[in-house]
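In what follows, chain A forms one complex with chain B and a second complex with chain C.
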Partner chain A sequence: MKHILKILGLLAALSAVWAGLLETSLIPYNYVWLLPIYLIVSLGCYGLLMVGVGLMVFPTCPQEATLLQKDILEAKDFLMRKGIDVGAA
Partner chain B sequence: MELADKTVGFLLSVISLSIFTYYTFWVVILPFVDGDHFIHKYFLPQEYAILIPVFAGVTLLSLISAFIGYVMLKSKKKKKRA
Partner chain C sequence: MEVLDTKPERTKSRSKYSIIIPTYNERLNIALVTYLIFKHLSDVDFEIIVVDDGSPDGTQDVVKQLQKVYGEDRILLRPRPSKLGLGTAYRHGLKHASGDFVVIMDADLSHHPKYLPGFIRKQTETGASIVTGTRYVRGGGVHGWNLMRKLTSRGANVLAQTLLWPGVSDLTGSFRLYRKSVLEDVINSCFSKGYVFQMEMIVRASRKGYHIEEVPITFVDRVYGSSKLGGSEIVEYLKGLVYLLLTT
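For the complex of A and B:
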């Protein structure tokens, strides 16, 4: 909840600065949409970067997979000896 | 499989970083460079810095809406048959 307030405050401050710059006509009027579009483009780039980094550093544990397969075989063997059908051996 | 995922992730990171760098340079730095500098040859006029993202966003939104509508229609049909 606090984080979103911080983000909203930052956005409000940015738009106030932008409006001030436009009002004092330091920036030509046909550039009004440049800041919002720039913010959206940066947000999209940030999201894409986070997805890429997440894919790159995605943790895998192959030794755990082999342990799990061993466990499955053990359990199947155990159940079969007790007389329970668990499909293909 | 793992290597393919890593490659895709690396490609996504590179694409996003390059788009961000290019766009930042285009929007933030270029207005402060003289109009007859040679670097202006590598960038479209400033109007396109607004037009292209808006066009891309509208296209993306329409595609997403079309996809959602298609999926909803399909699920409705499946429910009727069952």
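For the complex of A and C:
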């Protein structure tokens, strides 16, 4: 139950700050009410952004597939010379 | 005395490495991967432990032939009668491991043995307890995934990073090197199955404060045989996330 407590603690701290803002009315009341919604929306945006950026810069390695094919041929050649029957898979 | 040794490639420490490879119907792949391991680790003291779950395709016969070529002390066949799952396969292999370090990798060639020297070098340089391969950094990468697979993978990763703060970039990758005592400790506190198990291992290790380093690896999707990712895996993954959120 450790990590969930950390996250709950963080949420509690945020709620405390929010409650504080509600009480002290440092910022107009109407705005303060909307802050949690902003938080949720910005979290969602952050997630989407991270997925989007992650997709755009997704590292691919087409050359590795060709290299691997070469390695496989080399290995098969060796195995054949050693008389190991791996069958046609 | 070791200061005089100028070649960094020659592993200065005489550590022994045990490479555990779980197999199920990997007749061809196990032979290929064995050849590649011996090719890339020519000057390292290591043993390969094949944990075969009673493959009907004759995987064990191929391993026995490989033993004749490379020696029974280099390739250990430690089969089990039936398909019993990944987590227990590692436990089973670990019981027979005599190395100071244990490498865990897949037999299907998605983990290329050419990265093993890099894992070992990273460990020697940093003294890390765990070196884990990551596909998501410069120098790493994936081949053979369609857009949907990439999207799922990225989404899963962002979700896990946001909720768990694990401190490693690739949670579900399973190409890793562990100090043997660390693997024993971590594996005994893990209870999930399938590939959530891989995630649980690294998250628990991170929570226990073990020193974890990453090396970039490339991941070429299964060359022979079919990939095992289905729709229900997403549900499994989400359940795994919640489980880790509550228990670690």
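Quick notes on this one:
Just so we're on the same page, the second predicted complex is superposed on the first by the 55 of 89 C-alpha atoms of A that agree within 3 Å, B and C clash if a C-alpha of one lies under 4 Å from a C-alpha of the other, contacts with A are read in each partner's own complex, and residues count from 1 in each chain.
Following the convention adopted for this analysis, a contact is a pair of C-beta atoms (placed from the backbone, for glycine too) under 8 Å apart; a residue touches a chain by one contact, two chains touch by 3 or more.
Keep in mind the model is a prediction, meaning the values are calculated, not measured.
Judged by the touch definition given at the top, the superposed model places A:4 against chain C, while chain B stays out of reach. Legend: residue contacts after superposition of the two complexes on their common chain; A:31 is shown touching chain B, with no touch to chain C. In the superposed model, A:42 makes contact with chain B only, not with chain C. In the superposed model, more residues of chain A are touched by C than by the other of chain B and chain C.
Of the two partner chains, chain B and chain C are each touched by A:51. In the superposition on chain A, A:61 contacts chain C only, with no contact to chain B. In the overlay built on the shared chain, the residue A:86 is in contact with chain C alone; chain B does not reach it. Judged by the touch definition given at the top, the superposed model places A:75 against chain C, while chain B stays out of reach.
Where the contact sets of chain A with chain B and with chain C meet, they give residues 51, 54-55, 58, 60.
On the side of chain C, the complex with chain A involves touching residues 27-29, 31-32, 35-36, 58, 62, 65-66, 69, 109, 112, 114, 135-138, 140-144, 147, 150-151, 154-155, 157-159, 161-165, 207, 218-220, 223-225, 244-248. Within the complex formed with chain B, the chain A residues making contact are 30-31, 33-34, 37-38, 40-42, 44-46, 48-49, 51-58, 60. Chain A contributes residues 1-4, 7, 47, 50-51, 54-55, 58-62, 64-65, 68-69, 71-72, 74-76, 78-79, 82-87, 89 to its touches with chain C in the complex.
Residues 2, 5-6, 8-17, 19-20, 23-24, 27-28, 46-47, 49-50, 53-54, 57 of chain B are the ones that touch chain A when the two sit in their complex.
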